[in-house]
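One chain, subunit A, appears in both complexes that follow, with subunit B as partner in the first and subunit C in the second.
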Partner chain A sequence: MVNDRIGVYICHCGGNISDVVDVYKVVEAVKDMPEVAVAREYMFMCSDPGQKLIEDDIKNYNLNGVVVASCSPHLHELTFRGAVQRGGLNPYLFEQINIREHSAWVHKHEPEAATEKAIRLVRSGIAKVSLARELSTIRVDMEPKVLVVGAGIAGIRAALDLAKADVEVYLVEKQPFIGGRVAQGYGAYPSGRMGSEIIKELIEELKKEESKIKLFTNAEIKSLGGTIGKFHVVVQVNPRYVVGNCSNFNDAIEKCPIEVPDEFNYGLTKRKAIYYPYEGAYPELPVIDMENCNKCGECVKICGGAINLEQEAETVEFDVSTIVLATGFNPYEPKEGEFGYKQFEGVITLPVFERLMALSNGKLTYNGKEVKEIAFIYCVGSREKDGEHEYCSRYCCTATLNASLAALEKYNDLRIYHIYRDIRAYGKYERYYEEAGKKGELFLRYVPEEPPVVEKEGDKLIVKVKDQLTFGEEIELPVDMVVLSVGMEPRNEDVFQMLRVPFSRDGFLQEIHPKIRPVETAIGGVLICGTCQAPRDTVETTASASAVAAKTETYTLKGYTELEPFIAEVDAEKCTGCGDCVPECPTEAIELKEVAGGEKKAFINEVLCIGCGACGGICPEEAINLRGYRYDQLRKMIDAMVEEV
Partner chain B sequence: MAEENFKPKILIFAAEMAYRAADMAGLTKSEYPSTTYIVRIPCASLLRPELILYAFQKGFDGVFVASSGPDCPFMGEKCVDKTAKRVEKAYELLKEHGIEGERLVLSGVCSTCVETIVGKTEELEKTLEELGPIKKS
Partner chain C sequence: MRVNPTLATEFKELGAAKVTECFNCGNCTAICPVTPQNNGTFPRRLIRYIQLGLEEKVLNAPEVWLCLTCAQCTVTCPREAYPSEIMVAIRKDIIESGMCPVHMRDFLNNLQKQRNPWGIGKFKRDQWRKKADSPPPTVKENPEFEWLWFVDCAHSFDNRNIEVSKKIARLLNDIELNYAILGREEGCCGNDARKAGEEGLFLLLKEENEQIFAKYGVERIVTASPHCYNTFKNEYDGYDVKLLLEIIYDAIKSGALTLKHPVNKKVTYHDSCYLGRYNDIYELPREILKLIPGVELVEMPRNRREALCCGGGAGFVVSEYPGEIRPNNLRAKEAADTGAEVLAVACPFCMIMLEDGVKVQKVDDKIVVRDIIELVYESVYGPEEG
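Up next, the complex of A and B:
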């Protein structure tokens, strides 16, 4: 079964190729190959007449394969597949060979060598197409139903955008209240509005979309099965113990005898066992923290039926077509003793400092003592060459500058030091850096080999810096508070395992391509946004959330989606049922099944398969091939490339 | 010893990200040896060690497995291990067939890592020039 009437088209690319590669010579070298029916060169193959040439030749020469040698397939593979299809041929009996980026442009001083290379590459394309088989995309029905995991600013933004496009959204949040980390922030940049105010504005929007967005708080995803088009979701909604409205919740909270550290304020304050994290939190019902509640019943005496201390968890099940992960980040928690953290009173992280500002009115006080002098240390737990965090979280520079400026504005007579490695206040945030300088905040620069040292002397913290800006002068700064500018760490959620989403080296979730497919993952129907993907500030987070909503709509609103046909295929005759391929598959798409006669054979789930080909690579019998990249094709390509020109 | 005018033939198996890096090498007008031939594959874990051996047996002097490294769009970090195992196996096969292991290199290449794909190819060419042409079997 060989395709032996192949049309070959060599593109000049208006000189981009033909100024280096002798395209006429390439045509000469391939036109008499036994598999070739017609070979031509043309000025611009991607132009309308260029595409028409292919369409007409398919009909006139009854072609059963097409090779276009031009630019990168990343530019025009889809263009030419379209032309091949319009010509009446299966679009996968086509190969685009790259003789521009991979030959003309990289060997421009060696035109003869570039031509010879182009000939070999085109021959390899002919070889591949000669063994190509007809393929068709896999069509999957889609309903406009989406699961959004995480109701921080990213999840809320994505859910709202989806709801406004008439998509039904299930928004699942682990915490009892929505808003995530942004709600905790003080004066988020740019604009300096309180994080909780920004969240409140989104909550007002959310209330208007109640018919489209089903919100589950205090809820955990218990299982997630299926594939694009039909994921089955099981959610456990944990009891809130507050089941109805009461006009006296504030009294009930007041009467509660239990006091525990308030996690919303990082333990800077205490809260009751029945509580709201902050004024205006949503949902509007308080929650009872049963781990700390002693069931004394004081709140029940006030609110009666609104409180049910025996409420049980509920399980909810539903199906969705696609999933958006917006699970966020954790702030890096410095190690004990890292710049005096947890060793000396007054050494705190930036997120805690922001809560402290939110809580300190009039004077900035910490543990009852007024804070007048603050040193911010940058890059804590970031950019570690051989450490856990090689990456830069990049939002922290601006966040720190912003926090210092907000502190100056709110409190009188502060003295602020910035002890930094590099300042990356990129884009328009440069003005925060300038402003901090103008306001008299002092900058000292350290190198990673000689980081600052924090010590305690009497009432003061002493920060010792070898300052690069004064050519290595050792400077000692007595301060009241050291704020560690910590980066973002990836979270590890159970749903990542359930969906088998790939991770990057840094541990954040991995998109298919950062520029070209920035919100999709290799797992069909699983999309990502916000800080589960990479460290980001609020602006970038909401932008990616809106992007993910729009991308999700392209999958769900049409009623169906088509998946690429490049998936693995088992040759049952060759398969010995050894099972080596089963654990090799990153998406658990392969299982061994018994066939007639009691033998076991590998079977591939077409929708789960992502087309990496790892199963083929491990199979000892060459019983598995990846469609579009079959081993016989690859071998014939090799043969064609080594043949003399 | 090296022969006069010997231009080693190098086969580059370029996975998704490495292929893009090779595209970018073109866009940025980089130059690298012209007797290099890129075969596009989705992920380097697809490579059967036997296929790598086949390339040498057919006359390639060197093979460069340019994987996507931890940026692999299919399996991220996990790709590194899987691909390394294929290449380790290929080294064993080469040894059995009396082919110098230095002729085969593996490197993760991110989508913008032009220097890696160009640099590794040049390095391999130098090694092959010293080793001389592959013995035809």
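Up next, the complex of A and C:
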């Protein structure tokens, strides 16, 4: 079937096009084509009267196709599709030809050639529409069920917001306790409240939403398949070995004979094999670290049935319509010898320093020695032009200033030096920088070509800085402790591979558009928030978490979502079941299925298919067409394009 | 060089109270009118040395003697670290260490021995009084005085300024202010001794002044010198201090003085550092000039908060200035460039420095330096007497 009553509209774009392209000549060149019923030029096709023109012509000329030659479809494809639909025609029997960017603007010094190119482009558009078929969007049902991966501050915030909108949430956390990195922080800015206090407040909220939020801790996502509307999730919940409540957990912990470095405190303290990371940790049940437990049974003697040392992992399966990734970051771990790290005692990173402050009361002590003089070195592992991390983690300046002020407040007579490249205490946090200066903390500036050097002299560490603020003179600072202000590194989680989410150049997960679509990824139904996306402070993290929750609701609460119809379509008669297309598909949308008679045929999962056309390209039988871009359409377009003008 | 964090604490006690607040932006260096062109690190470098505790470098920096305490840096400093006060603190440290530079010695010796910068015998302090047609009463002559007119060193010993003193006396007598002067018992206020870094001498002078004030029951002080005004008002305790111009202004406003003779002159006014930047008095002198009939007031491009110093602060009214840039010469040229015929001043040190500048710049045929008091006097009593 050929659409042979096509309306063609050439737009002047107020001179943008018509100053170069002779629009009257274009109309002349196409108006007598056999498929064309009416051809016109008009000043502004996108204007209300321009759209009305299309609507009226469809009725008056009984059109069965529309071609508009104007600007880029990025700008007005949806506008014109709307006009076509209002005129009573299927919106996909329409093609927008871009003669502004593709002709008038790029060839403005060659008006004749530009006009010829415009004619060729319009003819090929007419050719395409003449063979176009009616299409409709693909409707996907969306149940209000969401998987949130990671129960740090971002994951918890997003889960709470979703639950409050009556969305069912599966919150999956790898660690035995929730709260993530924020729980470890000391006096997070801007309020200065302890990280664990902030997390506790969220935990109280979480408890109230128990009916909506299913929390899995100590849990790993084993597989993740499907697509927007229906992702199938398989979670392995690892054994906690503490299976019930007991009033004597603290006695059991005390009796446990095993002592290992406590990872929550970065090894500054020891913990038992059965433990809580900190007071108020959630879930309220302790956990047994089976790698270190010797199964002596002391805890069982006290807690009896609450402890089951033989507990096994459980597998849980469920379906969700969208996924929120809130998997967080890793603090950069300096290399051995980098500013004396792991080479000299007393060289630690900022996160460790924060734990040290949380643990040191009265006096600041490290390995039994009182710390009086501290040098903070900034940008460690960050902003390396040709190095591992080119980016600035941007939270570290403020975090370091904040930590130094907190230290000054908590301990007497501290002497603090900041050895920095640039202070980026942006936004409201400039006042920390100011306050640090006013409180006598001393700032020394280094350039990356001449970084500071840390040496050991007796029981002191000596930091040598070529200080730009002292006109490049070398200054020596004798200190007790060097704190390395480290940035954030992206994590690499198995779920990223399972979902094929794209990464940015820096290795963090990438949004579709940083300004316009900041929390969605290119994979439909997979959204991101917090520090898995970019380095962020707590304030920015929770803001993005609430944003992701609101965005997720726009998908889930309506009950359905619509996808474009331009996907692959198998002609079962031509398909020989060779299977060449299956490995070609980047989204695993093609499956070979047996049909009646034992033959195998390719089947396309409409929701998974992204319409890339790779399968059509490989198919030896031309059995796979891309809707909207069929073989016959493309051939006719080429013929129309090369025909003499 | 190894840091010594205790040095900054010591300097805070020396008066550099805000030294640790400096964040080394360099505004002070950019604004400083005497920073050498090819070594633009003063005063920032010295402040940095104190922060780091490099005392050796601080004590051996000759640039510190460039500072005129004009306070342009201090009013511009975004951190309110008071750079000019830090320079004063460094000088205190140097002088306390017994390393007073040669060029400052005469000034300080003169103050110590004769209680005036020039070293003229202190018993001559009241000699100007004999030349006055309408001499001021002394505390002995008028023991019931309400105001003590603290005449100040320049108005007592410097011939050009004595001309002004005589006029002040007639004006005060005619408005019938109940006042008196201390005569030869008057000392030096100590303002510039302190700014030069001789804190001990300042304290000694202050103690002497307080004793003499107590002896005569002084409660209220009026002075024509911004330097005296500054120190009495801000560094002494318990006195009601007024600037002479305030009294003159009130007398004009109340009708006690009538400005009846026009002074048909184009006049530009040079702000004194110690009136303007130290005490925020910018408009009073201008208001008085505007009240004088015939005066056309024009401004130099750098005026009020941005006004250039005359170069006479911190002892340099007599001491040999070690810098290459001479602010009094620059200022005289700026004044002449406005086309004004009179460069009006409100400070006896500005008078001395700028008269010198006008001569060096050879613009004395175009412009003369006059105290505002002299212009008021001319308007009150007529051009012949003026």
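Assume the second predicted complex is superposed on the first by the 430 of 645 C-alpha atoms of A that agree within 3 Å, B and C clash if a C-alpha of one lies under 4 Å from a C-alpha of the other, contacts with A are read in each partner's own complex, and residues count from 1 in each chain.
The criterion applied here is as follows: contacts are C-beta pairs under 8 Å (C-beta built on N, C-alpha and C of every residue); 3 or more make two chains touch, one makes a residue touch a chain.
Treat the numbers as computed from the prediction; the structure is a model and nothing was measured.
Of the two partner chains placed around the shared chain by superposition, subunit C is the only one that A:Arg415 touches, whereas subunit B remains out of contact. When the shared chain is aligned, subunit B comes close enough to touch A:Leu634, but subunit C does not. Of the two partner chains, neither subunit B nor subunit C is touched by A:Phe603. For subunit A, the partner touching the most residues, choosing from subunit B and subunit C, is B.
Using the contact criterion defined above for the overlaid structures, shared-chain residue A:Phe344 touches neither subunit B nor subunit C, since it reaches no partner. Looking at the shared chain after the overlay, A:Glu476 reaches subunit C, while subunit B stays out of its contact range. Shared-chain residue A:Lys108: touches subunit B; no touch with subunit C. By the touch criterion defined above, A:Leu442 lies against subunit C but remains apart from subunit B after alignment on the C-alpha atoms of chain A. Across the complex, subunit C is touched by residues 373, 415, 417, 434, 437-440, 442-443, 467, 469-471, 473-478 of subunit A.
Within the complex formed with subunit A, the residues of subunit C that make contact are 1-3, 5, 8, 20-24, 41, 45, 48-49, 51-52, 79. The touching residues of subunit B, counted against subunit A in their complex, run 9, 11, 19-20, 22-27, 29-32, 34-43, 45-48, 50-51, 54-55, 58-60, 70-78, 82, 86, 111. Every residue of subunit A that touches subunit B in the complex is listed here, in rising order: 72-74, 98, 100-110, 113-114, 116-117, 120-121, 124, 502-505, 510-515, 522, 566, 584, 586, 610-614, 616-619, 622, 626, 629, 631, 634-635, 637-639, 641-642.
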